[in-house]
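Got a structure here, written out as structure tokens. Questions coming.
Chains here go by letter, A, B, C and D, matching the order in which they are written, and residues are numbered from 1 within each.
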Amino acid sequence: MSLTVRFFASLRERLGRDAVELTATDAGTVSEAWARATDGAAMPANVLAAVNQEYAAPDQPVSDGDEVAFFPPVTGG
Amino acid sequence: MSLTVRFFASLRERLGRDAVELTATDAGTVSEAWARATDGAAMPANVLAAVNQEYAAPDQPVSDGDEVAFFPPVTGG
Amino acid sequence: MDGVRLIDGPFDPWAELQRHQAERLAGEAGLGATAVFVGSMRDLNEGDAVTAMTLEHYPGMTEKHLAAILDEARGRYTLIDALIVHRVGRILPTDPIVLTAAWSAHRKDAFEACRFLMEALKSRAPFWKKETLADGGERWVEKNTPGY
Amino acid sequence: MDGVRLIDGPFDPWAELQRHQAERLAGEAGLGATAVFVGSMRDLNEGDAVTAMTLEHYPGMTEKHLAAILDEARGRYTLIDALIVHRVGRILPTDPIVLTAAWSAHRKDAFEACRFLMEALKSRAPFWKKETLADGGERWVEKNTPGY
């Protein structure tokens, strides 16, 4: 299976990466996608995650072809 | 002393009078000014009164030269 | 009175705001929040079709009380500016009747001040509406409904 | 998406409202109440002078969540129409950043829906602000403050 993992804002800058393509045999969860896309970096407590552009919990399963995104608290408006 | 008594909106139409000049020897209160300016009509429960363009209670004293006004509940906005 | 306008004729609230901001708030970089309310005339009231309305006021007292309401808002909330515009005279359905606006550094003050201006105006400012109905008859609006 | 606009460049909120109303609400005589909020950029944040800002978003997710917020407002309140306009990209002090508007028959719904749109947007819509400070340094805004 393959996953696209994206990072936004300060997280993108801190990790020095914008998007990572993951390929693997099993699907796993949001937090497993984080670990693989960041080479095992600790996930900051306030990080938000989305799967296919909907907010998701760290233990949510991901499926082949999903877009997983991580970003800091939102500051629009 | 002299008082100007004014009526607005539905009250003006119902009483058929816009303004009444009262002259008298004693000053009295807002409700006395009503009685004299309306020839003794009963004051409707929801009538509002103002003395010199500030809201006033029925027992508030009035003074020579005051402008006393009576009107129904306000409906602006 | 500063921040209060009575207008006998149609007005465009958005053009009023453009003008007001250009005249009084240009370059005001401490301003973070603007809250605005516009009340306009509906063609239906209490189940009856309404074709026009006449807004009576008490010249002098009306302006004085609108200015007092602005002052009270400035005391209750932290504001950079505030504005009340109100129609008088003959009004047609869809016409704007009232505009209240509050400018502040922060949105809580702007939102609450704008709403306070409207509720205070509805409960205290001397205006009276007379409606013209579809059959040509007229009636006075008896009271305003609460807005909270 | 209907009722949602992202704009990469300056906009005039009052001109947006004029245009939106002319296109979508002309002759809407059931409309009695319009509540509007405009958030604009201040030149000071957390005690520091700010000279510019860059607004990043998540293309696709941002529009989708703004549309969901509009839908939620339409479910919670009785509305005739609602609108969210938001800047992205580079922003300068005094520039409008966000516009929310709610149109209703009655003022309670308009006021509360307009404020709901702002608070939901601030807490959920994927936007991130990076500030440029007077000394040329940059920093990310860490979180939004609550508005109630």
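The rule is short, and it goes like this: a contact is a pair of C-beta atoms (placed from the backbone, for glycine too) under 8 Å apart; a residue touches a chain by one contact, two chains touch by 3 or more.
Because the structure is predicted, anything quoted here is derived from the model rather than measured.
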* Structure fact -> Relative to chain D, largest Cα-centroid distance belongs to chain B
* **Interchain centroid distance [CA atoms averaged], chain C/chain D, Å** => 23
* Could you put a whole-Å number on the gap between the CA centroids of chain A and chain C? => 49
* Centre-of-Cα separation between chain D and chain A, whole angstrom -> 27
* Asked: Got the chain C residues that touch at least 2 other chains?
  -> 39, 118
* **Where chain A touches two or more other chains, by residue** => none
* Looking at which chains touch, is this a line, ring, star, complete or other? -> line
* Asked: Name the touching chain pairs, please: which are they?
  -> A-D, B-C, C-D
* **Residue ranges of chain B touching chain C (in the complex, touch as defined)** => 6, 8-10, 13, 46, 50, 53, 55, 69, 71-77
* Structure fact -> chain A partner, complex, touching residues on chain D are 39, 55-58, 60-61, 64-65, 86, 97-98, 118, 121-130, 140-144
* What residues of chain D sit close enough to touch chain C in their complex? -> 12-15, 17-18, 27-44, 93-94, 105, 107-108, 110-111, 114-115, 118, 147-148
